[in-house]
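Both complexes below contain chain A, partnered by chain B and then by chain C.
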Partner chain A sequence: MLLRLALRNITAHKKSSSITALLIAIMTVLLVFSSAWMDGSHNTMIQNSVEIYPGYIQITGKEFRNNPSYDHLIFDAATIELELAENNDIAWFGPRFESFVLFAGEDKAVGGMLTGIDPEKEEHLSRLSASLEKGEYLGAGDTNQIYIGYELSRRLKLDVGNEVAFIGSGADYSFAADKFKIKGIFQTGLFDFDASTAFVAKDYFDQIMAAENYATHFIVLPKQPGQAEELAVTIASSIGPEYQVASWNQVMAGLVKAMKLDSVFGYITLGIIFIVIFFVIMIYSFLAVFARIREIGILRAIGTTPKQVLTLLLLESSLLAFISVLIGGVIGGAVAYYFHFHPIVFAGMEEQFKQYGLAVSAMPTAFMPLVILRDMAVIFVLSVLSTLYPILKINRFRPVEAIHHV
Partner chain B sequence: MSPLSACADSASEIIKKVENNLNGKTAVIVLSMMVKTKRTERTIKMESYSIGKDKSFIKILYPGKDKGITFLKIDNSMWQYVPRIEKTIKIPASMMLQSWMGSDFSNDDLVKESSISEDYNQRLLEETDEEYQIELLPTENSAVVWGKIIMSVSKKYYLPTRVQYFDEDGILIRELTYSEVKPFGSRFYPTRWLMLPKETEKEANKTIIEISRAVFDTEVDESYFSKRALRRYSK
Partner chain C sequence: MFRLSGKIAWASLTRRGARSILVVLMISVSLWGLLFMEGISDGMIEQMVSNAIRSDSGHLSLFAEGYHLDPDLSRQVTDVEAIDDFLENDKRVLSYVKRIKQDGLVATAHYSRGTKIYGIEPEEEKQHGGLDGYLFRGKFDFGPLQRGAIIGFKLADKLQVRIGSKIILSAQDRYMEVSSVSLKVTGILKTNNMAIDENAVFVASKKARQLLAVDKDVSQIAVILHDEGQAPRLQSDLQQKFPNLEILRWDELYPALLQSRMMMENFNLITSLLIFCIAALGIFGVMLVSVLERLREFGIMMAIGTRFRQIGNIILVESFFLGFFGFGLGALIGGGTLYYFKIYGLDLSIFSDAFNEFGMDAVTHAIIRPSYFFTALAAVIMATFLSVLIPLWLLRKAKPIETISKI
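For the complex of A and B:
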């Protein structure tokens, strides 16, 4: 009975109902899309930064992260390899040996990072191979061939096929030097990285750097990247306390924090918009309810209890909010869904992104039904709350007062 | 003249004497350097030719793998020739603080160590019967590595016995001890240099230089001090 009455009332007051519904729906679309956009762009940024080179999980010697010296290496890479091979949650893993050296071209010397990698495993662990710009990526049997960052090759004034020398120190602190032929040039888009790094096959690297069975890092790609943190804990307990196992959110703590802060600012902005909309709805409901004050007075006069009136009005506002949120949620969700598969591309913004260490210009939104439901619930509660005050206020009138109210 | 400036004066005179005694007009020195770290221990043997404090040439004799690597220092620049890569490389400024040949000495030590009379203000801290203790603080315009150096100088030889290097925050970073002074011709020279890093992560490290042969103030062929010499004398 009340439900039918409520429905009738909503349809009877077409104008006020539709404006309230529109406001609520817009608010829902806005929130659903903003959440999807923020989550999506942050995930993309983090995923990109993680996948270009650092990897989801890094294993190092215990002290290495604080003090990356040759005293804190992984001295028994073979054992770690055996342990990791037994873990079924790992998709790929591979060793790296990073070493700070001096690269020398024809007439210029530049400091940088020379890293020994397992070329085949690295193909799955990072985007190095996919970032090939010129020439070829490394192969397993490569000896003194080097895969070098674009900016670094430019600074050394070298091209594919040219020779580059390096001097540095081996894992035993002895003097190390060699000549490499440039096999390929890569460009990840991260300027600092491209300007300072070069890679050689680890088997050969180990010979010249006296690094046999040593590594600075093991990089692990989980079968489920979302489970990186849990997997890191499992690995840590299996390889023992001599090593440190860090998931990407520890390795890239700075970026993760920056993204969180960005979300906070995003929600603050949304919050301000919502406060404004909240009061607009409240004022609007106030006017709408007061326009019906005589009608309510009559209802009371013919014996409807205040409780019934309250229920009726609440039912009206809940119904309206529910329908609007549903419409808004569907529209917002559809937009989020569309941009999830058709990412927004910021053509020409690559330079700005690079300043934040981001090598992406396409940002897909995150389409997560649970988050959309959460956002819809938030707006529903907000809109019902905003009508609560007008409803309670009007219910305090006595029938006679109400009927005579102008 | 006030007593203070008299002190400052004598402090700078002491440092000048020390520098002269350490560098000589010319010096040809054969030395071995033992580098010890937590895990490894290596010995490198080399030969060094120098004129005053501005020009020096070093050639590695041992181990075989590094034999023929040469270094040339002229004023504040440093070049290195590596036979394995057949290349002469100028060590860039950014690499100056890197370890030299894996030891606890840095490239900068080889290049700049001897300019303490110019880049630092000297002040006599203490005088005992055997030693002077001199504090060296960088002059305003000098681009130096250390925030403070304290040098103990033996009165007998006017040679350093201990040099302590502090960073800008006054924390002791490393300590160099000179000992076993022996006569070489008319000169006395410390034949054992011990460098101990004081940072906790390098606790286990030390570098010992032992001088086995030294000839001072003879003619040293000027041809050692050109970039061409790096390759030429590498063999």
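For the complex of A and C:
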């Protein structure tokens, strides 16, 4: 009975109902799309940053993360390799040895990072080989061949085929120096990374740096990247307490937090917009309810209890909110779905992304039904709340007052 | 005449007190939100820009030709005296400093890293950009023997050094020979200019000259002006006088900052427009209802000789009252909020990791510009004016006089 009355009332006041519905729907679309956009762009940025080089899981010596010196290396890489090979959840893993050295070209010296990698495994672990710009990627049997960042090669004024020398210290703190021939040049798009890193095959690296069976860290690629954290815990228990196993959200804590911060700013902006919409909905329901003050007075005069009037009005506003949220949710979801498969491309913004260490310019939205439902629920509650004040206010009138209200 | 319209408008507004207050509240809340957003985001960007200007680029930077793309000791500013002469006598210049820069390697016993060496005069830097204000630990001083080094906090972190730690700085000198010097860390800087925090080692100008075997030449002359707006003019004047120098403004040296600034402005513009459209919709609804429910009243007024224009005036004044009170209240609380955050700053230290990542200050001091209030006022007036147009048109079509005879 009440439900039928409520429905009839909504359809009877088409204009005010449709404006309220429109506002609620717009609000829902805005929220659904913004969350999809924020989540999507953040995931993309993090995923990119993780996959370019740092990897989903890093295994280091226990103290290495706090104090990255040669005293805290992994000194028994072979054992770890055996342990990791037994784990079925791991898709790929590989060792790396990073060291800071001074590179020297014909007439220029530049500080940078020289890293020994397993070229074949690294192909699956990072985007190094995919970022090849010129020449060739490293091979397993390579000796004094180096794979060097584009900006670094430019700073050294060297090209593929040229020779580059380095001075650094070996794993035993001895003086290390050698000459490499540039085999390939890569460009990941991360300016700092491209301007300071170079790679050689680890077998040869181990010889010149006295790093046989040593590694600064292992990189692990899980079969399911979403379960990196759980896998990190499993690995940690299997290889023992001398090592530290960190998943990407520990390794890149700054970036993860930065994304959270960005969301906070986004939600603050949305919040401000929503407060205004909240007021507008309140004003409209205020107007709508007061336009019907006589009707309500008469209802009360013929014996409807205040409680029934309250239920009726609340039912009306909830119904209207529900329908609008549904419409908004479907539209917002559709937009999010579309941009999930057709990422938004930012041309000309690469400069800014690069400054933040992000080598992406196409951002898909995240299409997550649960998040959409959450957003719809938020808007529903918000819009019903905003009609509460007018409804309560009108219910305080006495029937006679209401009928004679001008 | 206007006094009468005003009186009538005021009377109708107070008759629907709750409704009017709701509208005023809505306008003021939207204004408050806008002011807050604008002031904080401008504050954030300006702080980043100011960090870059103070710690590195100045409003203008003078380099030898080609240095910016390929920083090399072979490309140095040589006619220092003539430039000194020009800058000292130019009234637009507030201050300037000369720096010598070179890429090198900084090493501790355990660890080494690529770095950018800055040879500076600490006293001049204090006067110029207040570089000492960024001091995070230690002292802004190289010690009596000039054997100190001041380094960026991220670099210090990566090298695991503290105040008093020994570091070894190596670089190629002017003759392509690698030379080294051992220094003690006397200070750690946190400028939130990532280029500095991650890479810079500041040493005494004299020490840098010894290390690099450079006599008088400088790599960079950073100039700060009294008024940033004069930078392009001074840039072209300098370029004319010294055609073989490369003279770059801060926004040419830090294009990403300019992009952030523009992006923020666009974002704010879109949000403001959105908010004002919604707010205008709110005013519109109220004005529409208030016109339609008073058809009889207007009919009677017109029957006793009031002109339609006068009635139009009453309605306009009504909506302007709403707009002005909304604006007044919004400007008051918005301005107050901004003033609070201007003095005390918005402290988001819980996200300090994130701010470090982005190279931003964790505490943002809001900016208050008169233009915020003027544009907001203009927008409110526009919104109130536009929102009565349709109600007025409907009123004219409804022929109020005829409504008297209806029940």
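Here are some notes:
The working rule: the second predicted complex is superposed on the first by the 406 of 406 C-alpha atoms of A that agree within 3 Å, B and C clash if a C-alpha of one lies under 4 Å from a C-alpha of the other, contacts with A are read in each partner's own complex, and residues count from 1 in each chain.
Basically, contacts are C-beta pairs under 8 Å (C-beta built on N, C-alpha and C of every residue); 3 or more make two chains touch, one makes a residue touch a chain.
In this text, all values refer to a predicted model and were calculated from it rather than measured experimentally.
On the superposed chain A, the two partners chain B and chain C do not both fit; they clash. When both complexes are overlaid on chain A, the residue A:V110 reaches chain B and chain C alike. In the superposition on chain A, contact of A:P68 is made with chain C only, not with chain B. Once the two complexes are overlaid on the shared chain, A:L102 sits against chain B and chain C alike. By the document's definition of touching, both partners, chain B and chain C, reach A:S169. Of the two partner chains, chain C is the only one touched by A:L287; chain B is not. For chain A, the partner with contacts to more residues, out of chain B and chain C, is C.
When the two complexes are overlaid on their common chain A, residue A:D178 makes contact with chain B while staying clear of chain C. In the superposed pair of complexes, A:L261 makes contact with chain C only, with no contact to chain B. Once chain A of one complex is fitted onto chain A of the other, the partner contacts of A:I277 are limited to chain C, with no touch recorded for chain B.
Of the two partner chains placed by the overlay, only chain C lies in contact with A:K393; chain B stays clear of it.
Between chain C and chain B, the overlap after aligning on chain A sits in one stretch of 44-52, 170-178, 224-232 or 260-268, namely 170-178. Common to the chain B and chain C contact sets on chain A are residues 67, 69-71, 100, 102, 109-111, 169.
Against chain C, in their complex, chain A makes its touches with residues 16, 19, 23, 67-71, 100-102, 107-112, 155, 168-169, 196, 253-255, 257-261, 264, 268-269, 272-273, 275-277, 279-280, 282-284, 286-287, 290-291, 349, 351-352, 354-357, 393.
Looking at the complex, you find that chain B touches chain A at residues 35, 37-40, 42, 60, 63, 65-66, 69, 80, 82, 84-87, 89-92, 94-95, 98-99, 101-102, 201, 204. If you check the complex, the residues on chain A that touch chain B are 63, 67, 69-71, 100, 102, 104, 109-111, 165-167, 169, 172-175, 177-179. Every residue of chain C that touches chain A in the complex is listed here, in rising order: 18-19, 22-23, 25-26, 29-30, 33-34, 36-37, 70, 72, 103-106, 110-115, 158, 160, 170-172, 176, 178, 194, 255-256, 259-260, 263, 271, 274-275, 278-279, 281-282, 285-286, 289, 293, 348, 351, 353-359.
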